Amino acid sequence: MVFGKLSIADINYLWRGTLLTLRLCLTGIGLGLILGAIFGILRANPRKTLTKMIAAAYIEFFRAVPLMLLFVVGYFGIISLGYNVSRFGAVVAAISLYTGAYIGQVVRTGIESVGRGQWEASVSLGMSYVDTLRYVILPQAVKIMIPPAIGVVIGVVKGSSLASVVGYVELVLAGRHVIQRTYAPLLVMGTIAMIYFVICYPLSILSKNLERKL
Amino acid sequence: MGLRWEVPLKNLPYLLGGALLTLRLVGISVVFGIFLGIVGAMGRTSKNKLFHGIATAYVELFRNTPFLVQIYFAYFALPTFNIDLTPGQSALFVMILNTGAYMSEIIRAGIEAVHKSQVESGYSLGMSYLQVFRYVMLPLAMKAIAPPLGNQIISMTLSSCVISQISAEDLTFRAMMLENRTFRSFEIYIVTILIYFLLAEFLYLVIGYINRKVFGISAKQKLPTMI
Amino acid sequence: MLMLDVKDVHKHFGQLHVLKGISLQLERGETGVLFGRSGSGKSTLLRCINYLESIDSGEIYVDSELVTPDRAKLRKLRANIGFVFQHFNLFPHLSILGNVTLGLKVVKKTPEDEAREIALKALEDVGLKEKAENYPEELSGGQQQRVAIARSIAMNPKMILFDEPTSALDPELIGEVLEVMKDLSQQGMTMLVVSHEMGFARETADKMFFLHNGKLVEEGPPSEIFRKPKTEECRRFIEAIL
């Protein structure tokens, strides 16, 4: 028997894992959006300010390191130093910082893709940098940002699976527990892959369609 | 509790050796992934329904599920079919398939970046098919393909650390070995992260240089891609 | 009373010396037309007056106020100088009314109702009151440029700068924009216009300025410029575009 069987309890367990994956993703995306908006806007500043450089360093760094190792350092690393951290806290912190960097890049690209003429027209009216961003640039940039931001969301959903590495029982780790009980790896991993697919595929279609409409 | 940076630093050669293993795996999967990507792109643009369907299913499945799940699938589930691979083989197998799926989309977009009118203007200059291909289609497609392809290589370099979870040997696996011996998780993984960071920045430089010199693209920004 | 006083302005872009000591004056209520070959520095000069570009040396006064990089002063100054762009640069996400009221609300902190009233009056002046609720993309190029002019007028500026306001327009739409500008000029607005519309210059300009390779080589009333240009370059340029 290649497939094996799942009991109701196993299915419930996987369902709980799915919910925990969603909770982790939504928290990470929520905090990541806030971080990304702040650092992306600072990064897009045409003048070379200190905040711009900090934002640039933050965005460039987190976009050039593996998410899995951020989880590992954030949890095992901190614990090895003798501090107490909750798994959820460590995992959320890592995924938020990571998401924030990617969203930050999306925000920056979006702001910079609004033509120079819009800046000049606003500034010529006597508007300040902040007012120009708020009333002229961001309303136009948000439309441009949405498709790539959805791409980031897909990446976060997939990346959240790596939290299993530090023992956070989201969908993948829940699956591994079920495999240990049932010896049905094909069925369980197949189911898990399908759950991710059902979340991610519609999002990627949406992103593609919105991008085409731009 | 004091930090003991000498633990990872003394073992730096061991870790850097792991970085080479990572680069080698990424290199192999990119080469084979490109071949797979060409086939995938042909399928995605094919009028043959079956070929198109298979290619689409392949590309979308790999792009919309986590790399870790793909790795586990190969490692835990393939033995059910009496396919027994070593961890290293499983890892490479999935890395190639994963890269191939992303490459399919990148190459397809490259093909679609060549517009009919550009091809026609080539013919109207009296070029032969080979000349049109060589001087019009290929350069235009390559220009569209090169930047995302470079980003993909970097994404795979960073994501490949996941294969350590099935005990395939790479940089992260070696870091785990070191951790098992010394219990200095924090210092070891910080240094490991920095090695990945330098690896990625190095690749950005090389790829940026190639894009500029060979394809004349001034790719100012790194596009976010997450596998 | 001098409204605009440009004194020996130099501007480089890297190695390129774009403005080579420009001096130029406009009295209050005068209309000046600035013309010259492509690349001669016309746009750059206009942009320097509004400090969209910095200057390397020299001074610019608008109504006796020095144009400086000081941000607070600059914002006040810019609120007092209208700028009409070649490509209109309307805000695509705002209605026509939104475009005209934005500066009033954000910069001048004018209350909503009052801003609306002022904007509708400005739109009436350019003949587009009935388009207030439309969006820029629903308007023709000529109409969009008239909205851009209304956006400037609504701020009640001391002077308006125009950078080739009709050169992006289809020929049949140029007239309506020039008509609006002529009205403005007759109502006493101080204007500096980069344009090669010689008919407009002849009828409307008090002074004309010919810029050549970053230097102001000729200036005078249209009658003089058209009848007996002093320099060979100016004569040839006018011949070429008439």
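Each chain gets a letter, A, B and C, in the order it is written, and its residues are counted from 1.
Quick note on the criterion: contacts are C-beta pairs under 8 Å (C-beta built on N, C-alpha and C of every residue); 3 or more make two chains touch, one makes a residue touch a chain.
Given the structure is predicted, the values throughout are model-derived calculations rather than measurements.
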Chain hops separating chain C from chain B, counting only touching neighbours: 2
Geometric centre: closest chain by C-alpha means: A
Dominant interface by contact count, named by its two chains: A-B
Furthest chain, CA centroid comparison against chain A: C
Centre-to-centre distance between chain C and chain B (centres being mean Cα positions), rounded to whole Å: 53
Intercentroid distance (Cα basis), chain C paired with chain A, Å: 47
Centroid distance [mean C-alpha coordinates] between chain B and chain A, Å: 20
Complex contacts: residues of chain A adjacent to chain C: 115, 117-118, 120-128, 131, 135-136, 139-140
Residues of chain C that touch chain A when the two form their complex: 50, 52, 71, 75-83, 85, 87, 89-93, 102-103, 106-107, 148, 151, 155
Complex contacts: residues of chain B adjacent to chain A: 1, 3, 60-61, 63-70, 72-73, 76-77, 79-81, 154, 158-159, 161-162, 165, 172, 179, 183-186, 189-190, 192-193, 196-197, 200-201, 204, 221-222, 224-227
Sites on chain A touched by chain B in the complex: 2, 61, 63-70, 72-73, 76-82, 102, 105-106, 109, 148, 151-152, 154-156, 158-159, 161-162, 164-165, 172, 175-176, 179, 185-186, 189-190, 192-193, 196-197, 200-201, 204
